[in-house]
Amino acid sequence: MLTFLRRRALTSLLPLLAVVLGVFVLARLTGNPAALYLPENATAEAREQFSAANGFDKPIWAQLIDYFAGVARLDFGTSLRTGEDAATMALRAFPATLQLAVVTMVLAIAVAIVVGCWAALRPNGLADRVSGMLSMTAASVPDFWLAILGIWVFAIILGVLPTSGVDAGGASWVLPIAVLMVRPAGVLTQVVRGAMISALGSPYVKVARAKGASEGRVVARHALKNAAPPALTVAGDLAVGLINGAVVVESIFGWPGIGKLMIDAILQRDFAVLQAAVALTAISIFVLNIAIDIGYALLDARVRNKAGAAA
Amino acid sequence: MNKTRTTALIAASAALSVIASGCSVANSGGNGSGAASGTLRIVLPQEPPTLEPCEASLTATGVVTRSNITEPLLERNPTSGALEPKLATEWTQTEPTLWTFKLRPGVKFSDGSEFTSEDAVKAIDRTANNTTLACNVQGYVFGQTGPLTLAAPDATTVTIKTQEADPLLPLRVSFIEMTKRDISTTEKVREPIGTGPFKIASWTAGQKLTLSSWDGYWGAKPAYTTAEYQWREEGTVRAAMVVNGEADVATNLGADDGAGDTAVQYPNNETTALRFTNDQAPLNDIRVRQAIDMLIDRDGIITSLFGGLGKPASQLIGPGVIGYNEAMTPTKYDPAAAKALVDAAKADGVPVGTQFRIIGRTSQFPKIAESIELMQSAFAQAGLNAKIEMMDTSAQLKYQLRPFVPDAGPIALMVMHGNQAGDAAFTVGQYFATDGAQSTGGTPDLDAKIKAAAPLTDAARQAAYADVFKTQTDAVRGFAFLANMEAVLARAKTVDYTPDAATGDEMRLADFKPKA
Amino acid sequence: MLLDVHGITKSFAVPKGRLRALDGIDLHLEKGETLGLVGESGCGKSTLARTLMLLERPDAGTVRFGGVDPFALRKTDLQRHRRRVQMVFQDPYASLNPRLTAAEIIAEPWRTHKDLFKTARERAARVRELLHLVGLRPSDANRYPQEFSGGQRQRLGIARALALGPDVVICDEPVSALDLSVQAQVLNLLNELQKQLSVSYLFISHDLSVVKHVADRVAVMYLGRIVETGTTAEVFENPRHPYTKALLSAAPSLRRADREKKEKILLTGELPSPIDPPSGCRFRTRCWKATDQCATPPPATADPATPGHIAECHFPLSLTAV
Amino acid sequence: MTSPADTEEAATKPNYLKMLLADPLAFIAAIVLLVVAFIAVFGRQLAGPTATQGDLALSRLAPFSTDHGWQYFLGGDLLGRSLLGRLMVATQTTMSVSVPVVLISLVIGASVGMWAGYHRGWRETLAMRIADVVLSFPSLLMAVVVLYIFSPSIASIIAILAVTRIPVYLRTARAESAELQSRVFVDAARTFGTPSGAIIRRHIFPIVLPTLLTVATLDFCYVMLAESSLSFLGIGVQPPDVSWGLMVAQGRDQLRTQWWLSVLPGLAIVITTVSANLLASWVRLATDPGQRWRLTTPRRRRRRRAVPVLEA
């Protein structure tokens, strides 16, 4: 297991580095942000002074070396916009996104398991058809559209929820989470349903039934476990994709998370902040992928044992 | 066992998220109910990057900092244009290049220390002369003046010596916010200490900024004791927050943002226009530029797109700015005449079919994309070939500011100019002079008029700049003006406040009062 | 000599070390003859077949086909060589692409060897001939593999192998996946075709009765080595390697039901791992005649009476028996 | 001899049209997609000039009235252009982004994936590592970064979205190809001296294709949503071009007063993606011999066959 983890970590480190490097180069290609940070009528000397002060006058490889030398000392640079430490800004924004993502995923998985299992018990039954249609629609709705409709209906017309922000306690969470979880819940429901149908038809579930296990037991203990690995893989991809959703949803709801920070940093050409946010995101995806691999390996081993025992 | 484990897993992750949410987001307090106990809740379009006083001419910073946390020596009345005393009680031009300011006695910083001429000298030096800080005010207001020589003959007197005679010096000084003598001169300060009626109570970055009033303020105590700032990008969301009672004031709204009966209209200093590259075909022919000017349906855009906000513009500044030419009128929408001009130019061999770009900045003002689309469509009908390019601020600035993108071809650039200072000098040098930072046209004759106007005062100054605007339009026509913009401020029923032209740049909390 | 293999070895990297699939194989094949290659599963027969088909490259040793090393050939020479050696695969289900019709399967080699037939008409005619040759109907041309029975599929596989007009056909367990009744039909077909087309067969099987039915000569393989070669009659009637003897004692049928009754020599112990084979004689761990001497490499001993009958053994059976 | 009879079921060529007619939902989905495809091709001509030439007098015209002609049945936008016409023109733009993205990423991803899976070894490792790099970062964010750098145009949107979608096909194709390359009929082809390219073309590609097509249908939805999101963020399709996502974005300010400007284009996105999803799941069933009976068996019998696991 340890060798496996080490190898997995090493092979995942490469994409991580590539992403950070790629964003560094791409961001520098957007040009010198002097015009953004200096007043419109700033003199050419002022611009040069600004570039020199921030190292933008150096060739890109030299900036890259400087940057990685800084990162090695855990110094991600300072924000051009606020003058704060970039890593601090990224770390401050990160929990807001993480909380949103975790709650969203937990709820999406819960919904997917309940609805998916229910649908799988009677394939092509009424429940299956209705939930199939709903989950398909859920997986197809653009999140930004849902967000503005949600604000319009629930905050403006009905006035039951706050429009945005994080101030109103639990109520603040309802719309962003509802918008974010729609797609993962829809996709996962379909995956769970499919995996459950094949798991329920597998030999060891038949054995369990033959032994007289109750239907609930069969579903909960035997089939669900077998259906978990594919769902886990998809859930992992969806969790990565949540960052996509977060970019849009955080902007609309004024959620102080990493997605909004990144968009703002791009718009402001605030390279240090963008780099720090990207690195933090890449690292968390890296950790997530490894966690999924471990979970997958554990589940896989257990399923194999189970199948062996039943045969 | 396995079932319990699954349940435990879900429970654990739920618990984790609850704990996590407890840590940083959800604990910022639950006062979502209406205007409680002297708290004014304001929602802005964006979070201030810092509250650094020397960045006061930067809208996002200035709107919070100016006259709330820190104060200048004097300030300009946005309605009358007159300079009024603030931390200085009087100022005189004792010599052509020397100004003397008398400071208000008994003024304290919010940390209790006295405000003296030494603080003022340090603050002026730091803001006007310090180029390493790259402060916005330094570039915007003092970029062309050269360094000031400062002295403090006594505790309540400050003298400022300029390189050349500068009638605008008091106006320039009104941009300098007073800070303490020990403020950093090498780094910008995120949370400054000032003499204003409010001080920073707390700032949760990304979420909320709270200011509170303090007892030692020299002036009248503000009606609200606390001000809470939040920020939302979407105008509809800002408006909805006021309508829903989540905030008391929202700024920079468009007509369609849904402020409803909380809406108050106000002029916001900004003028929109298309700026031409006068030296590139087909825009190098003045008839083509005149035709474009005639093809802009100003009334249609303002009525249908801006929802009635704004007035058709005839020049790059609005009424109320020194130098505004009352005699000039907005160009009439006349597609037939425009077509005739284009045809005439075509007959003379001007390649009117050559494509030019209309470049706009995404979300610079509400309905910018639709406005440009409408223009482009009208241009096409008159036989011109325009291509729309919307860019983000950084990319657009490459076309707006020198050094321009080389070999960019013919461009009609959508610009929005705000003259915060109230004097045409801050407009014409940049936009109309041949070597102006944002100028792509100009003639020697116009340059001479601009130069001649600078040292004038009073009526002569007004007349000289009014002539500059007229000459630009008649002889150069580097611009097709769109509108003097207006915006909507959403104001809760419980709040009494009248926005003015400066509200967008400087929102004085002391002017807000609860409605009886 | 059409095909001459000398000393080829081939090993694969596996998690626990290197698996020595072939360990110094010598064999040769004459024009028009059938060489039967016998051995238990896992002894390296299929690796040998794949090596001869150039699907694997040997680590050492030489392969000569008509005096030429096929591994040294490039481009057109290589393609010409490919035509001369073709293969019939063990599993007639897996070796045919289910998405192609019978005619497409048979004609597939010509899509690479385009110069064999110039026109579509020639190709169609040749497909009909080949179908007829292997006992299928012309109307079968447009059917898909899954519409055929197992025996019919193997006929299809044989037709495909013959499509390029080879000199040698390597038959890797061509009938082991078929029902007993069908096996004989296919074997008869192979014999028939050999007479008509004078091709040589390298006929690989674990089934001695099948080999006896078709082979002119036999080579017995154990753990990557040929332990005995000779004519079919010599090897079957007078086995000289104890392993051959043991195999034969389980014959004519190696089927589970018959084995216990007929078994005279019971091989003790398990087949050793090819990752770590015994030193010297590889069979010594299971051989009832083994002595300490067997830990040294065994000599290849020939019977003076039948010089082609060679066994790799310190104590060859018939020498001591006679 | 094995009787050919037991292979009869597999032998009968499935009648896809009949199966489609038997599934009303999939049938409707197919019709919807056909209509969308038709509008995508002919929409600009059908919509007429009111789609591009506005009449400010009709600005913000309310929907569901034919007073101003059928073009204005869904109302007018801010510039007084017909919303219905705009939707039709937008269909073309939306499709002219989504379809090329799917095709380009499908062709490149599938080719590289099959190549990598067939050859295994370093080629496989290299291809998979590159795919990992692309997949290890949220695709939308990647597109955002790139599009801010290279000014957004239809070509650059297609390029960046295609790049981010390539790994999806690459992984699928590689997995199947790696499995197929060890099949005996592939070995057989090798013994004829068939070049690897030809083996991939003849033996690997036809078998991988159905899976790839299913993935492509699902991905088509993803790409449409991604294009919409980019347009919503202002870095997608640029005016005067118009896509559904851009219409939603431009209409969001008017949600309170002219809800149709934003809601109707959003509905167009949802209806199209749901249809594509429905059809994809139908295709998945229809091309899988083991599942096909669900579509061919009449409904009443299906119920009983559908639950064999419960009776077992």
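For reference, chains read A, B, C and D in written order, and residue numbers begin at 1 within each chain.
Note that a residue touches a chain if its C-beta (ideal position, glycine included) is under 8 Å from a C-beta of that chain, and two chains touch if they have at least 3 such contacts.
As the structure is a prediction and not an experimental result, all values here were calculated from the model.
In the absence of subunit A, the touching network of the other chains holds together as one piece. The count of contacting C-beta pairs peaks for the chain pair A-B. Taking each chain's centre as the average of its CA atoms, subunit A and subunit B sit 37 Å apart. Distance from the subunit B centre to the subunit C centre is 88 Å, each centre being the mean of its Cα atoms. With centres set at the average Cα position, the gap from subunit A to subunit D is 23 Å. With centres defined as mean CA coordinates, subunit D is found 50 Å away from subunit C.
Among the residues of subunit A, those touching two or more other chains are numbered 30, 148, 156, 251, 267. Annotation for subunit C: no residues touch two or more other chains. In subunit B, the residues that reach two or more other chains under the touch definition are 234, 236, 258, 392, 395. By the contact rule set out at the top, the touching chain pairs are A-B, A-D, B-D, C-D. Subunit C contributes residues 50, 53-55, 78-79, 82, 85-87, 89-91, 94-97, 99, 108-109, 111-113, 144, 146-152, 157, 160, 164, 179, 181-182 to its touches with subunit D in the complex.
Contact residues on subunit B toward subunit D in their complex (touch as defined above): 234-236, 254, 256-258, 297, 300, 303-305, 362-363, 366-367, 369-370, 372-374, 376-377, 381, 388-392, 395. The touching residues of subunit D, counted against subunit A in their complex, run 25, 129, 132-133, 135-141, 144-146, 148-149, 221, 225, 228-229, 232-233, 245, 248-249, 252, 255-256, 259, 262-263, 266, 269-270, 273-274, 276-278, 281, 294, 302-303, 306-310, 312.
Taken in their complex, subunit A has these residues touching subunit B: 30-31, 33, 35-46, 49-50, 53, 81-84, 89, 92-93, 95-96, 98-99, 102-103, 105-106, 109-110, 148, 151, 155-156, 159, 162-173, 220-221, 224-225, 251-254, 256, 261, 267-269. Considering their complex, residues 2-3, 6, 10, 13-14, 16-17, 20-21, 23-26, 28-32, 49-50, 57, 131-132, 134, 136-140, 143-144, 187-188, 190, 205-208, 230-234, 236-237, 240-241, 243-244, 246, 258, 392-395, 397-398, 400-403, 429-430, 437-438 of subunit B touch subunit A.
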